[in-house]
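So, here come the structures, one by one.
Next come two complexes, and both contain subunit A; in the first it sits with subunit B, in the second with subunit C.
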Partner chain A sequence: MEDRRAVRKKSGERGLALLAALALVLYLVFLVLPLLLSLRSSFTNENPLKASNDFVGLSNYTEMAGDDQLKASLTFTLILAFGVTIAANALGVGFAILLNRTSLSYRVMRTVAFLPQVLSGVIVAFVWETILTQNGLLNTALIKTGILDEPYPWLGSPNAALFSIGLVVTWVMSGFTTVVYLAALQSIPLELHDMASLDGVRGTQRFRKITWPMLAPGTTISVTISLITVLKLYDIITVLTGGGPANSTQSTALYIVKLAFTSDRVGYASAVAMLLLALSAVVALTVTSALRRREISL
Partner chain B sequence: MIRKPLLAACVAGLLAFTAACGSGDGAGNESGETALTYLVFETPSLDAKFWDDSIVAASAQVPGVKINKIVAPSTDRDGYAKQLQQSGQFPDLLQSITPSNFVGAGLLKPYDKTWIDANFLLPSANSLKGEVYIPPTNSQIVPQVYYNKKLFADAGISAAPKNWAEFLDACAKLKAKNINPIELGGADPFAASMPLVGIVSADILGKNKNWLQDRYADKVKFADADVVTAVEKYRTLVEGGYFDKGALGVKYADSITRFTSGKSAMYPMGSWFLGSVPKDTADNFGSFPWPTDSGDVVVPFVGGGSMAISAKAKDTALAEKFGQAWSLNPKNLKTLIETDGAFPMLKGKSLDDYGVTVTQVFKDSYAYVGQDNNKVSAISWATNDDALPPGLNDAFYAAAQALFTKDDVAGEMKKLDDAWKTAAQ
Partner chain C sequence: MTTIPRDTRDRPAAGGRTALPPSLETPTPPRRRRLGGRLRVLVAAAVTLVFVAPIYLMLVNAFKSQEKILDNPIAPPWPPTLENLTQALTRPDNLIPLGLRNSLIVAVVSVALIVPLGSAFSFYISRRSGRVKAAILVALSAGLMIPPQVTLLPTIKILTWIGLDHTYPGLILANLGGGYLSFAVFVYVGFMRSVPDEIIQAARLDGATGLRIWWQIVMPLVRPATATVVIFLTLWIWNDFLNPLFILGPLQGQTITTGLYLTIGQYSVDYGQLFGIMFLAGVLPVAGYLTVQKQFVAGLTSGATK
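Right after this comes the complex of A and B.
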């Protein structure tokens, strides 16, 4: 009996080791290795159409200081990331509170709320394009109801395009944030609410004093992941505006791809990618540590 | 003891998987055929069936070849070809790419000049430093101005404008009648650039055909006064309200529908638009060259063509034979003429020889190709020595979009010069 248990334990360990090794290999091959190759490339003048590349030291990094397109893309990306994160999390909390019921209809609505997150970004963007384009559903509806006299360029002017992209990405991210906050809501002990009721704490006060503080762990996850997702956004913008008009909605990720495969500047594109990686890491670490401190203080 | 073999097994498995993915390079098969990869792109007109049929027809004339079609995920075949090159999968044959992007890296093999001279009306339409990498099977004018005859008549315009002053006058008359004068699919950068392509090609290259070569030699700049003055014309059109205010939100496909359904009176576009003219109302449409101040005809011209051959193809001679067979097949040209508005450039063949049914506006537009007029490279479209450096097309398109909303011609032209400097480094 003892021997059999030991064999079973050993074979279980082997299985776990196999899975862990496979995950490690995949992680090394598909994440760490490309990252290191990209880092190496960022110190060269690599061009996909040249057989050999030269080491250029830090010149790609110093060039970034004077790159107006890069600055514009970073500004756009940061505005979008923080704007979407705030909006999607506010919506997520709201939807989660509304959908935090047990009946079947609410369970169906929860699935519907998560739907935008399940769909591919490209599909989402194509759907919204038919809504937001000059002759799209939104303009048609607004003109037919007499709100507008002529079509509004939702994707055709820099500010409107920023708003429109923000709207679409917020819609997509709200599916994710809703599920995170729903899970967080359901982990709040019922006793707390019962005690609050006995003490006469209701409505907004109960949300402020109990629900919101108890959502803190969920907020940390939701805010961090939302920020990181939007900081590397590529697909939705490519389909909706292609970075236009006049590069006004060009995210840094889109700029990197254009540098590498339109301007043939893979080396410089790699340096910009390293910058984006560092920026994402700094933003994520800062926000996470601030939110963690908040969790502890609560 | 356990972990090392397990790790080794995982690595071996992964390597085997990778090797399996990378195998099948098609160097040959049991029947002795040589397999070549062929990069194509699909559009509503040039669909999968067109490419498959054309491959079958050309393969039938080249014994021993087997073509494996690769479809670019978008119409940006240059970008996709670069990605394939980056990952070591550069195709053996590449349809309608911009050779200048690849020739510098020694990736393309030129066609036999004797064959080119023997078969094409303008053998050097695509030439790069004297070599031809894409057979000049067809050509385009980019842009021509297409117009709606009925809307012109409604506005009291009796004939197509012959110079810039008449063009502005027509715009004013149309606007006074509440007709949108010029259609612009500004949401797609290439379509947004059409008026600017017309202006710079007609006013700058029309006066100095070597302007782009001079730009390469740093003898001229975009920020020079003559270019800035020419581009100010675009601002004149914008400030005059001759485009729809929301034009930067109009997709290229929608701009075609808007123009053909009578929502705008004029449409500066590449001659491929001729493939979209509705047959039943074709007589209502006419065309004229982008107008110059003097009224001299300048034709912004692009030598189009079929496929380039990779210098590293498994069998370059066989690849060239396939490219030749494909390029001379009138059936392929028939589809390109009817659906893509291509102007055929095969020697000794008239439109009738292709068995095509074309509209009068097509014939009128095509006439500019045969006429003895001032043909210049269409800026940002030329694929010959006048092709822009990598990345400049995008910068040119972005300038066109920016100038729609921003009155800073000198600033945008300086940006183009800066982008040129970076691209040339």
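Right after this comes the complex of A and C.
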């Protein structure tokens, strides 16, 4: 009796360790191992069409220095990431302040403001495509009302396409930033505002001196996640422009996938992937630590 | 008399000009304040309307014919037509029913496996020493940041080695190990910190084993964490595009996202059809969000403020 209990206890102990070990193995096999394989592949001329793959040293990395498509993709990605981050966070703060009331109508509006986050990027992009495309709803409306004489290429010229993608991604991210800033607003003690108004601090001054500094922890989270999300964004750009026109909206993430799956240049794609990984890490870490320092100094 | 309860109800949780209790506010005529409140609602409503215009377009135009859409895309669908929806549902390629079924299987099975794996792992390491725990958490936080494009191709290679490339089990397996597991562990570890040690010690004295303590005592205590993990992972896996597109490939049937992408090009001029398909593809996640909205926002908020 005692004995059997001990056995059961032992197997129960082992069961938990086993589950935890299984999780660890999955993490190692499907995240750490792929990362190492990608790193290794970045030093080869791997190509699925070739029988053998050779180590080529750093030549993939030196090739990147002269790759104009890569440079264009990095420029596009960084402009998009920082532009969207600034716009979505500004909108999020404004939206959060506007919607920070408890009555029913405001609660309905808050619910609605998060909806873009719930829909998949593919749906979001298709809906916006019907609006922005050459004969789309926006051009039709603008021509009908006489604002435009002929359709404007919202997705058809490099600059307009950058703007349009930025607009759509900002729209999606704003739902998220709004919720984060609403939470941050609600954590500001009411007394602080009471004291401020006794001292006669109000309006923009109150926003600058109290609300904005008190939002700092929310800002850190919201800015970091916006940046990381846009740096690895794939679906919205793929559906909206596919990287066009003339590769002008080809983000680094799209370029990697194209190199690996369309051009079959797996080795080189892996090297570019390592660059994107390093870029994401550097951007995320520097921005986060800068914002954290700001949190403390405020 | 009617204005007083209204004003208190409209009092914000924090922030804004009217954040003060009425006694502290500089005396303002009640009429002006009520007007200000109305103006504020109007402004907020106008901004919100502009913001959701694309979703509104998707909603109303799913129930309108092509001519009506082109005639006036923002008009309400009256009288509504179900033509677009029935056409979308009865397509010969079965895009919607098949896509929804495949997405549902992938999301449900992935989440049903990630939850026990992630929580057992979190429970296990949350009782280890500080340094081991910290190291594991740093490794996992890196997992959250890695762009999926970096690991995609080697993941397919690994799946090929074990004979699971271009299969649903392969896609689910890839979901289990990637950033989703990191997210689950993050949420769980945060919550398990607040489970008192005494409860676990007491259960241990009663002869309960680790497995039982985890399942019967800890899991019920961290139910909000499970809610957060289930809600967000279901949504993310449901909406995932890159993994199903390349791990499943075009021959294995599609999830709802890749199905839309691979088949919809030909419909881009038929707005009625397009909006019908979009509506059917989007209605499930939206309905789910509206049902669990409270936990949804709570999960996001606790994650964002921790």
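For the reader, a short list of remarks on this structure follows.
The working rule: the second predicted complex is superposed on the first by the 271 of 298 C-alpha atoms of A that agree within 3 Å, B and C clash if a C-alpha of one lies under 4 Å from a C-alpha of the other, contacts with A are read in each partner's own complex, and residues count from 1 in each chain.
In the analysis below, contacts are C-beta pairs under 8 Å (C-beta built on N, C-alpha and C of every residue); 3 or more make two chains touch, one makes a residue touch a chain.
As the structure is a prediction and not an experimental result, all values here were calculated from the model.
Contact with subunit B, but none with subunit C, is seen for A:Ala246 once the two complexes are overlaid on the shared chain.
Once chain A of one complex is fitted onto chain A of the other, the partner contacts of A:Ala17 extend to both subunit B and subunit C.
Set against each other, subunit B and subunit C differ in how many residues of subunit A they touch, and the higher count belongs to C. Touch criterion not met for A:Pro213: it reaches neither subunit B nor subunit C. When the shared chain is aligned, subunit C comes close enough to touch A:Ile97, but subunit B does not. When the two structures are aligned on the shared chain, A:Gln134 is found in touch with subunit B, with no touch to subunit C. Of the two partner chains, both subunit B and subunit C are touched by A:Val266. Of the two partner chains, subunit C is the only one touched by A:Ala284; subunit B is not. With both structures placed on the common chain, the touch criterion links A:Val29 to subunit B and to subunit C. Residues 13, 17, 22, 26, 29, 133, 135, 261, 266 of subunit A are contacted both by subunit B in one complex and by subunit C in the other. Subunit C makes touch with subunit A in their complex at residues 9-17, 19-21, 24-25, 40-41, 43-45, 47-48, 51-52, 54-55, 57-58, 69-70, 73, 116-118, 120-121, 123-125, 140, 143, 145-155, 157-158, 173-174, 176-179, 181-182, 185, 207-212, 214, 235, 238-239, 241-242, 246, 256-258, 260-261, 264, 268-269, 271, 274-275, 278, 281-282, 285-286, 288-290, 293, 296-297, 300-301, 304-305. Residues of subunit B that touch subunit A in their complex: 2-3, 6-7, 9-11, 14, 79, 82-83, 85-86, 101-102, 104-107, 186-189, 192, 244-251, 254, 258, 390-391, 393-394, 398-399, 401-402, 404-406, 422-423.
Of all residues in subunit A, only 13-14, 17-18, 21-22, 25-26, 29, 47-51, 133-135, 150-158, 241-242, 244-247, 258-259, 261-266 touch subunit B in the complex they form. Considering their complex, residues 5, 8-13, 15-17, 19-20, 22-24, 26-31, 33-35, 37-38, 41, 95, 97-103, 105-106, 109, 111-116, 118-124, 126-131, 133, 135, 137, 140-141, 171, 174, 176, 179-180, 183-190, 193-194, 197-198, 202-203, 211, 217-218, 221-222, 228, 231-232, 234-235, 238-239, 253, 256-257, 260-261, 266, 269-270, 273-274, 276-277, 280-281, 284 of subunit A touch subunit C.
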